[in-house]
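Each of the next two complexes has chain A plus one other chain: chain B in the first, chain C in the second.
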Partner chain A sequence: MSDRTENLLLAAPGLLLLALAFFLPIGQMLVLSVDGPEGATLAHFSRFLGDGFYLGVLWRTVRLSLIITVICALIGFPLAYIMARVGPRARLWLIILVILPLMTSVVVRTFGWVVLLSRNGLIPELLRDMGLAGRTFALMQTETAIVIGMVHVLLPFMALSILGVISRIDTRLEEAGRTMGCSFLQTIRTIVLPLSLPGVVAGSLLVFTLSASSFVTPNLLGGPRLQVLAASIYKSVTQTLDWPFAAAQAVVLFAGILLVLIPYVRLTASDNG
Partner chain B sequence: MANVRLENVKKAFGPVQVLHGISLDIASGEFVSLLGASGCGKTTLLRIVAGLEAVTSGKVEIGGRDVTALAPEKRDISMMFQSYALLPHLSVAENIRFPLRMRGIGSREQQQDKVRAALETVQLGHLADRKPRQLSGGQQQRVALARAIVSDPQVLLLDEPLSNLDARLREDMQVELIEIHKRLKLTTIFVTHDQEEALSLSDRIVLFNAGKVEQQGTPADIYAQPATEFASNFLGSANLVAAEIGTDGSATLADGQRLAVGQDRPAGKVSLVLRQEDISIAPEGAAGLKATVRTRVFLGARCRYILDLAGERVQILTGNDQTFTFGDTVSLSIDPARIRIIPR
Partner chain C sequence: MASFLIPSWVRLAARIFIVVTVIFLLAPLVVVVGVSFSESQFIAFPPDGLSLRWYQTVLSDTVYTSAFWTSIRIALLVTVSATVLGGAAAIALHRRMLPGSAFLATFFLSPLVLPTIIYAIGMLMFWSAVFGPVSFVTLWIGHTVIAIPYVVRTTLAVLSESDPFLEEAARTMGAGRIQRLLYVVIPQGLPGLGAGAFFAFNISFDEAVLSLFLRKPGLTTLPVQIYGQLEFSPDPSVAAVSTIMIALTVVLILVIDRMLGLQRFAST
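Right after this comes the complex of A and B.
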């Protein structure tokens, strides 16, 4: 047996699973999105793109996902650096702490935030008591609430992606930086950050796609007024039973994510040559 | 350029005491080797001078200034790492410019001129735009050297920089290091476990053993007169043979053979230091000590024999004019004046 066939055999189960569980439904979704009473039609797309409400939903989805990605990177990078540089025991505890949110059910976790963020919840109360917020201050059913809840869940993806890369960076490079006149922060900026860029990119891709397609957390924390695209798709499927329109929205989401990601990957890939 | 002064520097990692109070004065422009086996604390001491490791107690001065509590970037030093530690995301020229950029030395044009000059010094001008991983080990090593000297540091620290090179390149680099040192007159501290390297490069050798200075002196002194058993052992080419000095002043080996030692010594148990190139070998029957040939190593110009003398392993270095093979019994003779005696 040649190497080629052997490789193909090894890849076969994965490819089969992808074909059955991924490409088939996507194909179906594409077909469904142009399905109309008199054959193929683009009516669902023109309805979506012609309606300011739905465009607003799309814009909110992309904007929130970008904000969530940036915040995750800002928190995740220092966290990952610390995780990579502490002793093995402390690292284990930090990793457990970081992935803990993933071990709880999304509903339980989100309701936890509902309790904390609601009008009489711990956080708004505290802010009001400290005089940092007005009497009418609320966090629930705001975009801030969505961002907080999503960052909480998606941080592990960012932190662990970056951790993998940083822990492979030779610490002697940082020491060399120090002997060449870099302060600690300059070492981070000129040596660690550029070298951990692949991890930041991988983490950003994960976080962005996951947050753009997430639905439970934004729905519960943002409420019905602040819809994101995934929630709107859900509504079309379960409430208005307009499946072709739901499929069209899904295609728009898919295309939107690709539009953001492809230039991003291109841009960062060239730096790491 | 500046002198370096260490005052009773102690270092412990947790309960493990690595340095037991090292005091050292290194003159401005001097090339000092810290020589010792791995784990003897020599690299730790270098890292303390660099500021990468804090002292447990003691004082470090560079150029008369107390730098004990100063961060590495605030000491005017540069260090060359055993692994070279080139920055993989920067080109060769950018790597060499890095210390200038970070220390804010000169304008961009001046920096580029310095980089060019440093690259010429190590003969790598044609590789300026390559990335480090596109270079061979020897080339990476030269880039690291260029980067270490480009900023004209007060002190140059070299941490076993030649140990990853093959023998030929290592010899070339030794010559290059000597020439660069002669030209730039940088105060240099060089850490190595290779005695030949230390002997050939330095103005002074500081021999380390288990976190203490065992002996220090010029290469010629330390080679000719190792003060302790450890020193003579470490400076490799000497053989140590157990013996007992009798009342008549001659030495008796373990198997009863006797030889003259040419020095007045009180009677007692001693180790004789027999340098490998001082021993001459002759066929059996000539006057001298009887020994048996174990192995012969052909070295081109010369020949090394491993011999069994009174139950101990002895190495000698000799010409190729006569050959002996395994099992031959031979006679060894040594000029009594060249035997050193270390009490046991």
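Right after this comes the complex of A and C.
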């Protein structure tokens, strides 16, 4: 047996599983999306793109995902910077605090937000007590609730993506900037931010795709009225049982996500290799 | 940066920022744990009274216990299958002797980048068309596919820092292929394989999307059960189950930290 055969044998079971149980099913979905009673058809796509309701769902998905991505980047950058620059003990604690929610089931985390945001929950009550909100103020079943819950779910991805890049920046660059007369914020803006941009971009692309394809958190916090694309797919699969239409919607999501994923894979390929 | 170069207002702002962010990250988890010890019928935070009654309810309710055992069984099977398949693949990838190694690496990591919902819908349609109704095995295979990239990543990360000449040395001293694998390469990659195994368990145990698409009576995992309760009328028993899941996550994180070091995981 040659070395090559040995390595092939090692990789083969995994390769086979992914080919048969991952790529083939995705191919099946693509085929089903153009499946009609009389051969191939684009009817499911034209139904989706020709219906104001579904275009609204699509627009809400894109809009919310953009908002969520921007907020995650705005919180994630300073969080990652602080994580990279504190002492090793504090860093370990911060990493644990970021990973703990990341590794907790999305369902459980969303449940926490359901309790916090519900009519008699802590947050609306607090806002009412401070006089910032009226009696009828509600957060559940609003887009704000979706954004809060999703930022919580996705912030760890953003922070860890940026952390990976920031921790490789030589701190002497910042010290040089400071001693040569830059203010602290100028060092951040002219040295740290440009150097950590690959991390910010990779994190943003990742957060955007994950956000656009989530339905558990949007469903539970936004309710059935505020549907996003992934929720609409889930509904077509489990409630209306219109699988070809569900497949067509998934293809729309897939196409949108590929546009975002291709630069992401390019950006991160050097890290994984 | 040397500490005297950081103005004091920045330190103060950073402290406040970290405190607020940590509260934000932990708030939903703390709330869930708090609600689970409530005495009242209704979900409220801060909880009314203190009791373990909801844990009693959960432990004696077959709806929860059967979902729990389903989840555990799948997660354990996934841990084994994903670690074996992903670990073997990582060893082959690490040696870089296969044609198209870079492409293969992307191939093995692709379930990680593709959103689960797209895979879930494909798997449901594919399985139904080829094998008929979905089953326990469908979920096992599906979770294995999602978990493999994590094992590949952690194992590759550990192997890439190991001494490549050790295997060469074993070879010149007459060790056969199997011996080299068993006594050199696998021990070298063990921390990565171990961490990957725990990740695989965690991913399967917490996974909701694939499990929701493949749900059917008798095939309900714990996250699916919780999701169903939340859509209907949640009572504090949901919080008790969720708290058990959080506790399990904490244990897994501590174990992974021991095996691989979280610092390293965070930067790979």
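One rule holds in what follows: the second predicted complex is superposed on the first by the 235 of 273 C-alpha atoms of A that agree within 3 Å, B and C clash if a C-alpha of one lies under 4 Å from a C-alpha of the other, contacts with A are read in each partner's own complex, and residues count from 1 in each chain.
Operating definition for what follows: contacts are C-beta pairs under 8 Å (C-beta built on N, C-alpha and C of every residue); 3 or more make two chains touch, one makes a residue touch a chain.
On a predicted model such as this, the values are computed, not experimentally measured, just so you know.
In the superposition on chain A, A:241 contacts neither chain B nor chain C.
In the superposition on chain A, A:116 contacts chain C only, with no contact to chain B.
Once the two complexes are laid over each other on the shared chain, residue contacts for A:101 go to chain C alone; chain B is not touched. Touch counts on chain A: comparing chain C and chain B, the chain ahead is C.
In the superposition on chain A, A:179 makes contact with both chain B and chain C. Contacts of A:170 after superposition: chain B is touched, whereas chain C is not reached.
When the two complexes are overlaid on their common chain A, residue A:195 makes contact with chain B while staying clear of chain C. The residues of chain A shared by its contacts with chain B and with chain C are 175, 178-179, 184, 272. Of all residues in chain B, those touching chain A in their complex are 50-52, 71-73, 77-79, 81, 83, 85, 87-89, 98-99, 102-103, 147, 151, 157. Of all residues in chain A, only 1, 3-4, 6-8, 10-11, 13-15, 17-18, 21-22, 24-29, 32, 75, 78-79, 82, 85, 88, 91-92, 94-101, 103-116, 118, 120-122, 152, 155-156, 160, 163-164, 167, 171, 174-175, 178-179, 184, 187, 209-210, 212-216, 219-220, 230, 233-234, 237-238, 243, 246-247, 250, 253-254, 257, 261, 264-265, 269, 271-273 touch chain C in the complex they form.
Every residue of chain A that touches chain B in the complex is listed here, in rising order: 170, 172-173, 175-184, 186, 190-191, 194-195, 272. For chain C in complex with chain A, the touching residues are 1-2, 5-7, 10, 14, 17-18, 21-22, 24-32, 35, 43-45, 84-86, 88-89, 91-93, 95, 97-98, 102, 104-111, 113-119, 121-127, 129, 141-142, 144-145, 148, 152-153, 177, 202, 205-209, 212-213, 215, 222-223, 226-227, 230-231, 234, 238-239, 242, 245-246, 249-250, 252-253, 257, 262-263, 265-268.
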